[in-house]
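In the part that follows, the structures are each spelled out as structure tokens.
What follows is a pair of complexes built around subunit A, which joins subunit B in one and subunit C in the other.
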Partner chain A sequence: MKWLPVLALKLALLMISLGARAELTIEITQGMDNPTAIAVVPFAWQGPGSAPTDIASVIDGDLNRSGQFLPVSRSDMLGLPSVQSEVYYRDWRAIDTEYLVIGRVSVAGQMRIEYELFDVLRQTKVHAGVVTGAVSEARMLAHQVSDAIYEKLTGIRGAFATRLLYVSVTRVPGGNDYFRLTLADSDGARPIVLLESREPVMAPTWSPDGRQIAYVSFESSRPAIYRQDLASGQREQLTNFKGLNSSPSWSPDGNTMAMVLSKDGSPDIYLMNLASKRLTRVTRHYAIDTEPAWMPDGKSLLFTSDRGGRPQIYRYNLASGSTERVTFEGTYNARARVAQDGRNVVMVHQQNGAFHIALLDLVSERLQVLTATDLDESPSIAPNGSMVLYATKYAEQGILAAVSVDGGVKFRLPAREGDVREPAWSPYMGR
Partner chain B sequence: MKHLPVAGKFITVLFTAAFLVACSGSDTKKEDEAAAAAAAAAASASAAAARAAQEAADRQQSLDDAAAAVGNVFYFDFDSSNLRSDAVEALNAHIAALQGTDRSVRLEGHTDERGTREYNIALGERRANSVRDYMVANGIATHRIETVSYGEERPVAYGSGESNWSQNRRVELK
Partner chain C sequence: MIGPLSLMARAQSYIDVEAERAAQRTGSEVAGEVTGAPSNTSSTSTPVSPYGSQPAQSYPATSYGLNSAPAAPVSSAPVSAGATGGVGAGGQNLGNLFYQIQQLQQEVMRLNGKVEEQANELRKLKEQSLERYVDLDKRLSGAGTTAPGLAPAPAPSASTAPSGAAAIAGSSAVEQPGEGESYRAAYALVRGQQFNDAITAFQKFLRDYPDGKYAANAHYWLGELFLVVQPQDLEASRQSFTLLLDQYPDNNKAPDAMYKLGKVYFLKGNRERSREYMDRVISEYGSSGSSAVKLARDFITENY
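Entry: the complex of A and B
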């Protein structure tokens, strides 16, 4: 139960040794019917040599992936303005552009990106902004510009400047598969391997401030829960109980970890105070109780139980200690994750034998199946509640895929190599 | 004895010698016989013990062979942790082989890929526990059995479909 600083060194070595392995690619499979046409003109580079990162292309990719926007191809642009005086609205109206983004990038110690957003039809500047940060974080700065543009045009906070955790696996038939816990930007770029093991790695999850992660590793030949600080690489083993040690889930205030232990018999939900390491037992049932997920107010937990015969979602109220069943539609509902609004719950839902991702509105109690593929699992909802990332199988390969909460936008993120699974979308990153 | 005649001395010596010879002669003989008998007994006992040990080893070997012949993987039906009759038969062979030893075993529970990973980890544990409980009920001490569940994380067949799934729903005895 001690911090293991040796891992920080290992982490640093891994970051050096790993290039683009397990990098995700993106294939949009379904967009909105009438996406908004937006032109992101290549940003003017005001430093020496050529620009280190194509900022405009990162923004293009973000807006395209949202499914709500259709970026204008550079080859269709009649001019490449970088300041307002160079903007001729008729050039953009001529190619049916509704919005225009221009910008400039300079480096003086830090990178500085200035950008402006224009409404082509109204011929007005809608928004202007500046983001600054380390040159090495150029892509993250571009995602911040995307966030601002997205919010200005949709009214919803963008979630592009966020990160993903996922598990990738290289199959070794007849031997032990090779497991990697990977951290990447929300567009799959810049993957960093945090842990490599010949034993399974499971259930990655984020602390509410996005600074720490927790996961289950079998590296000791038994499952144990670890938490790890992303900045320092230091990690701590939280549990080493007989039986299951699984499903870590941080409370919204960051002080408590919900988890599943079977040390007292069957799998039950426990809460661990992360300061004192004291455990409180939450459920006490001979059935399987697993997959705890906190409601955003921290007052109740959703969990999966087969106490009714088949897996269904239940809700445990921490103050009253009462438990109520939440899902009634279908024979298999499991692994709930709750949006920040506390209303939308995504889960794995079985229909006609196939496993899909479904969204349950806790207020209207309406359940909507979002996906049409099979073996869909591990849904994780974006911090702005707009998209659900999940794992599925495509051409016998484990891939990540995403669907908007209204089911209208879909894209796939297959890995260039191996299987990927268990995506965990980070919370908003504090700045 | 100072004035004892020489003949008298001689007789005394002779007698003593004769006595000693007689005595020592009969003792040595008895001891040799006893030792020989003991040795023979020991030899036959150790031969018997060796025979018994050999027989026990042979018996254990044939139990081990029988256990090896049935394999160390027990298969399960979908979403079930009930022991199938083929699994019970195989398990009985392992229990028989374990009963004469103090060997420890590790039971690893696995599932197919359907359903969520965390639910499957719990289901894999249920399977390992159901094998453990059967072994304990048949005389194998609990402390000799370690269980661990890998859920769906360690498939032996990577593809989808029942032909692959049925190979992955298993408990491995190691």
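Entry: the complex of A and C
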């Protein structure tokens, strides 16, 4: 293994937060028709001074962003209970609250959050739980509480305690632009710049355990695929072939990386055994084969190819070696990503000249266009399959936006500065 | 910087760009070959079209390996000439060959796409026809077992069984084969002002499809038609509107039929019954926004 030196002249590898500079803000543009009213009462702080993080407001934001819940404003609350004995259901019924969350936060070395969820109409406690962790991870602990509440009330595992990778570009007029590979919480908070370069950084992707990432960087003046360990920051250059080295995609078992190389002529899909670095060529076609994505069972790969004259999604079966076309609707379908259920596939779909994000159900073969904006690209699906994150243009700025898989809930995550592109939603980060 | 940036743009959406570029490349390469050629061989100075006669002239047909014996030596010659950096006819021919291969590749890709799409269409059609067959089979076998059971039940004769109105209303949602056509033909007669023929057509329609989807509309038109033909047939008109109201009280034609019925009674000289119906239109459909309500109000202010 050749671990590269971490620093290069044109490149600075930073593990520090840039604070609000690259932070994403969230604007909800479309919610569900009948969201569930839920009140998250400010959690009681049982420690010295004032609480370091407003846990309840993080939970509020998570539930609000899902579009399925409408948090009750604090100014409407008739009381601020933190233990069950202080809960008066009629106070909450009076302001049409359906569910109530209360909690307490304490710190003894580690932060400990206790929380309780009540059904106001039935006047019962639905759920109670405790999460503990480092004080610095307070927001992540709050996201874990959101996950538990979301799962209890919707039956779907929450995906708030997950993270996002994205590339932000700061334009420098007359000079080299800045490319930053950024890691942030699923709500866009706590951005950390993993890689800063004056050469393009592209195609960030996650290992299935969420501990490593891979991406394409042009720092050596031509594209090369790197993988990087998030905890240690250690990097490894995986490829340095002539021509394209792009679209890394980790196999579900974590042992193999699918990628696109053009070293043997036109771009084709290859598999690299990450232990031995041995390459296996998957496609062999004079057309362009690119953007591989693994099916969750690891038995087949989706990829984009123009072997039929126009870019469409194909599926390669690793066992049989057979290739079949998957998309037939529309003149352009590219960059597929598969939900964990192995059934829903999101992709870039061209319709009437505009590029939208569409969802294809592989079983019913029904294709649904999810977005109404024009230049949508790079869809990435949440680990619980509920939301799709994608890049688009808004007010001349490259931003991230999200849409629920039924198209009902939409929100934008514009950066305060620069263009943001190529989001990659992490897998579950373990419980 | 320009290099990597343009590369990046290419990698993000390079499929289209690549295809366009390939098209441009092939075009310019051929142009280059053609313009470069004249200095060497005057015979090749005319513009070369990819499928034109030019390649056949410079290359004997055998060079494509179409004829058996001379194919190998002749076709190998330009390749070696090109490989050793030789310019002139050999290089130009190689360029043509390259261009032709690219053209063939693109053509194959296009055809490939067509084949894929047609195979998919075929698969879908097969699935659909199987579904249709299964559905038909089910209905046929279903008809065999349920028809005898149906027969003793009171026949849903629209004109004689007001008690069966609910059943008729229930079944009236389903359009029967040929029904729409027959109805539209009758309606066309109304529009063509052939009122007597229209009456005959609607009466036949009701005999053919007594519980059809458009039965209520047919009754309504009959009621209207009996009022406009010469001589007017007030009693027939009254019966048609009454039938509609009795059998299809929930039909969207009901408010109009009720208003018309009031009018028919008025024409017959029965002011009280007329007023009753007009009042009923207002009280029963007042909130429905039906235009009949306004007509009824106007009628009352004018005549009472």
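Keep this in mind: the second predicted complex is superposed on the first by the 415 of 431 C-alpha atoms of A that agree within 3 Å, B and C clash if a C-alpha of one lies under 4 Å from a C-alpha of the other, contacts with A are read in each partner's own complex, and residues count from 1 in each chain.
Quick note on the criterion: a contact is a pair of C-beta atoms (placed from the backbone, for glycine too) under 8 Å apart; a residue touches a chain by one contact, two chains touch by 3 or more.
What you are looking at is a predicted structure, and each value in this text was computed from that prediction instead of being measured.
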Touching partner for A:R325 - first (subunit B), second (subunit C), both, neither: second
Touched partner set for A:F241, first subunit B, second subunit C, both or neither: neither
First, second, both or neither for A:Y178, with subunit B first and subunit C second: neither
Subunit B versus subunit C as contact partner of A:E377, first or second or both or neither: both
First, second, both or neither for A:Y286, with subunit B first and subunit C second: second
Touched partner set for A:Y394, first subunit B, second subunit C, both or neither: neither
First, second, both or neither for A:R307, with subunit B first and subunit C second: second
Partner chain(s) touched by A:S262 [first = subunit B, second = subunit C, both, neither]: first
Touching both subunit B and subunit C, residues of subunit A: 176-177, 200, 202-203, 218, 221-223, 244, 246, 288, 290, 304, 306, 311, 332, 334, 377
Subunit C-touching residues of subunit A, taken from the complex the two chains share: 176-177, 198-200, 202-203, 216, 218, 221-223, 244, 246, 286-288, 290, 304, 306-312, 325, 328, 332, 334, 377
For the subunit A and subunit B complex, residues of the former touching the latter: 171, 173, 176-177, 200, 202-203, 218, 221-223, 243-244, 246-247, 260, 262, 267, 288, 290-291, 304, 306, 311, 332, 334-335, 348, 355, 375, 377-378, 393, 396, 421-422
Touching residues on subunit B, where the partner in the complex is subunit A: 113-119, 121-123, 125-126, 147-151, 153-154, 158-160
Interfacial residue positions of subunit C with respect to subunit A in the complex: 1, 3-5, 7-8, 11-16, 18-19, 105-106, 109-110, 112-114, 116-117, 120
